[in-house]
């Protein structure tokens, strides 16, 4: 009965504020909306399930313009004016690095999507958690996927950001260790008018495969360019670029997208949390939205940790974050059920939407499974799993 | 090498149209329109609406979009630049920064951040011996040359062109010679609006249609226009070609990501030898 | 809220310094420095890198000012051969190249990862929790000193010579003064101020990376000078204040608009910033102040 | 004192504006330069002042060859000039326009601004007094605080002259000082020149106002098509029929 | 040259810059086909008066009439279209256009349909100022001072105007060219064109005029037939340069 009508206190007490510092403009712009939707979905599910500590959650969204200075200004407003308990959704590693000193000082929980190693370096007082593979695992996942496809020679086309760069060394090492040969590597800058030079240089050597470490805008332009220039090397890309809710295929057309490989953390599709997330935002099963799923996990875990610690003080509830996913107990994916279990004192662990991950003590995710996808006739098909 | 040249020329031509629009407005209004990149994006999106949302063929959508945006450009001038007309080039430059920010976010408001593409099939390239030329490149080649020829004839040989240059040179004297400045300014924006829309379409074909597309072109466009000699529209085209070729050939001697440094050095060297731009002439002010 | 105001005022101080530097170089001297952000970035990197190497922050700041001043002076040397527009593009190109080098030469600059953990000057001085306020005071002091110096320069015969060079370098040459000498000095002093502003930026954020520095910094400096009234130092400070509060205040505005997604609101916010800028120019035609003059009116009041 | 020897000038675009012209400005005299429009008079002044590089020939200042030195160098050695089309410093006030010309100002050195503020102020006061004296003579003092860009055409020409004289020059080149100036004020200019010549200043004068040339010039050169057509005393020169028909018209 | 002559009249004109009046209520009229010369000290407001007459400066109060029509609110292009041509004192050519283009711009935006063709007018005008024929293809900004003056005058004459307003047309001209200029002015006047001239070369100017106006400090000090102005001893001493 209490499910239909939330407890009285929910309406009376002031809500607990959660900040979302999303890249709504700038080069991260394509992912900002996805993040916001996911955060709203998670907040709604939690509030429908009675909120936490008898209070509702309120989401405050701020734009970091994918830019550290704007990010700091926006974070300052979230912390000092809106008094949020946590900041979620920090997409760019540079923004995360810039904001981190402030959140640490003010004892605010910071959950990020950026994968630069430095983010989790140092003593973070349990306040910084990364909801993203680090570059090493992702780089290795690509080399394993290529090995499985029998790729002998590969070249690398990498966008100049901390995240994309951090995947390159691990990829190279793992790929050459497995007997492959890297023909060439070219870095390029964000926001170039065209990528023709890079494409000529990399695809011109006709490697079996090209690892394109970039986001959707650059990937779209590069894939089109390679096709139009008459090249046939297979493209391997991040799931958040080539999968991205089908947007990549829409951009370049099915013919260009045909045969593009991409990988990302699963269990997309068989996670209860992920299904709940997709249902909440009204997307069909099988849609791939990595950043959204990560933000969903961030908000849910923040809420669970607050409930568990019975405190909105970041330093107090931050400790609970790893415990909630690392526990040796039955997995629960639906946030509402997790909340119920928590209130009932039943032991459980939260199995995330983005992946069924664990946390390492330093704040990194571990234990990730990657899905290996292939675009066929305009659809991403799961062709294997990589651990 | 041959391929590099072809690619360089196409890259340069792609820059040529917005550079031409920039130097056209500069040469008449004496201010560098920082919003030229946003104009390009706006035009591209208008054409996107015609092409994808309303289902028109691209050439039709491009023509309609160009006409519509030309009018919008006149409107923007009327609202934002006209009240500042006599306040010096840099005041207008700063105003155009404001216009750029505003326009880019109008796009973002309606269309979001995700990249989009026109409804044209992507095709494999044509081959001429070793040299590959793709369909977009061919479109770019033809469209840009046609546009350049038209603008050149207008500017150099017609009454309208003389009107523009007279106002650019000496607005007061132009007025006593019977030329209405506001009419000329409107014409200039009409032409600039069409040019930027056209270039928006070509850039969209070449890469994606996205809110930042114009922004990414801004720096090269300014460089090209100034390199050529900003007060001389046709020189801007030469500047654009030089820039395109320099970037392409730079990769022979430098890591790809440093090609801009070569371009920069070439530019400085050229400007030191020819301080008025490659093909520009000294602007006489006394 | 107070904490937030302190943070915002610190940004105002840094923006004001950049604006003051440009006001000297372009406002008074007529040298269009589109590469302003490059010099600013250089200041931030010198200060940041030296500080994390263990140099005391104030010493690092001093080195940054000197370093940027020297490099600015060098780049002014080519200005003799270039007219306004060309100087603009050359400085801009220089700044962009500098940013490329900083992005890719990771061994020196730590590349895209940026430099983190930059310590602020004099942090030990302030009681715990007052660090931000202390830093603000330091920044305001810097603005005050720079303002006073520039104001004195502007009223001096040197300032007059600088403005004369802006109006017609040919005449200044014909009067026996070295235009190049004036420009080098103007660029060097402006460079030192930019080095100072950049260093404060590095200290304030305690983390710097190449994405923080772009033409938008130059754009803001030009906005500050033009909105403030070209040549007027007081105007520049006033308009730096106005602009930052326009930028920051609009963050609150979007909390008041219901029923729209965050992306739309972000778009509306920046749209308003753009429109606000144009409106400021149109409705505040003389800016916030006048250019200081060297021959004071009181000296000439008895002129009949 | 100042002389050009066989100078030729070719402008960008190939026009030969001077073709082996030689003139000599003797110390303490006023030398006139007359000739039809487009003869190359202003160009020759440009060559003498260092603003125009000749392709052939040389310029001597006090016996020393100075062809390679720029206008600033020559100005520091006491050579001042006015421009035919006035080049006022538009955003500076009238007074400032004149003050900039004051040579050896310590206040123009950033460091002495710090160390010797008193001396800087005294120098400035002295310069203002000097400027006032000049401006009062041509009735511009009442406009001392107006931006020079707002002056009338004739006022700008007068300002040009004041600015040149502020340099304490040993040689002054004046390019059509009387054009656009009211006849009564022309008298003022004539008095300026006469007084300074008496003190030993050397003058070069390009003028179309024959009355003024007759009154002032000790020696006159006639320039036509980039060459010296003839030279001598004013009365002798205008008696030349060629000069009369090409230059003076029916007036002669 | 032209058939329909128009007069020009100023009534109580107060005009200036930034709200500060320079002209304090100036009135005069030039009848169709007559010539009026304005003289006065530097800075007395002659050019300001000229700018008000041609429509570059909107008067603070007062009226400008063109024949019978009140043109006070019309801008310069509209007045040019009614047959008014002008040579300003400074910046009187398009410096970055060739001499030929200067003449073309002088002609094409105002010449009426009944006017002779461009080629005819070009020949006619070049016959008046043969010295600029050799410079037709040169950039006007590189001309000598006197050459500019002739180009400016030629451009103003191109469309066969009915009213001609000249601000110091003889400045910078050699004596011979100044003489030619006033010959041309005389011929133009004889053809029925109304002329308003500001001139510092007072003797030449007033000599060619029907009427003279002495403007001092923004007020009319004397308005009389030209010969009377020339003869007035006070005026001669104060403003016309000596005896």
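Each chain gets a letter, A, B, C, D and E, in the order it is written, and its residues are counted from 1.
Throughout what follows, contacts are C-beta pairs under 8 Å (C-beta built on N, C-alpha and C of every residue); 3 or more make two chains touch, one makes a residue touch a chain.
Model, not experiment: these values are computed from the prediction.
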- Item | Number of hops, chain A to chain E, where each hop joins two touching chains | 2
- What is the chain whose Cα centre is as far as it gets from that of chain D? A
- Item | Computed distance of Cα centres, chain D from chain A, in Å | 75
- Query: Any idea how many Å lie between the Cα centroids of chain A and chain B?
  - Reply: 38
- Item | Approximate Å spacing (C-alpha centroids) for the pair chain C, chain E | 50
- Item | Distance from chain E to chain B - Cα centre to Cα centre, in angstrom | 42
- Item | Set of chain A residues in contact with two or more other chains | 24-25, 29, 32-33, 160, 187, 189
- Query: Considering chain C alone, which of its residues make contact with at least two other chains?
  - Reply: 100, 104, 263, 266-267, 269-270
- Message: At least two partner chains per residue is the criterion; list those residues in chain D.
- Response: 85, 87
- Query: Which bits of chain B are touching chain E when the two form their complex?
  - Reply: 159, 162-163, 165-166, 168-170, 172-180, 231, 281, 283-286
- Message: Quick check: in the complex, which residue numbers of chain E touch chain D?
- Response: 17, 40-43, 46-47, 89-90, 131, 135, 138-139, 142-147, 149-150, 168, 171-180, 200, 202, 238-242
- Query: In the complex formed with chain D, which residues of chain C make contact?
  - Reply: 152-153, 156-158, 160-161, 163-164, 166-168, 170-179, 185, 189, 291, 293-295, 297, 299-300, 303-304
- Write out the stretch or stretches of chain D touching chain C in their complex. 49, 51, 70-76, 80-81, 83, 87, 89-93, 95-96, 99-101, 103, 105, 107-110, 113, 120, 123-125, 128, 132, 141-142, 144-145, 163, 167
- Item | In the complex, chain B residues that touch chain C | 32, 34, 80, 83-84, 87-88, 90-91, 93-95, 97-106, 108-109, 112-113, 219, 222-223, 226-227, 230, 255, 257-258, 260-261, 263-264, 267-268, 271-272, 275-277
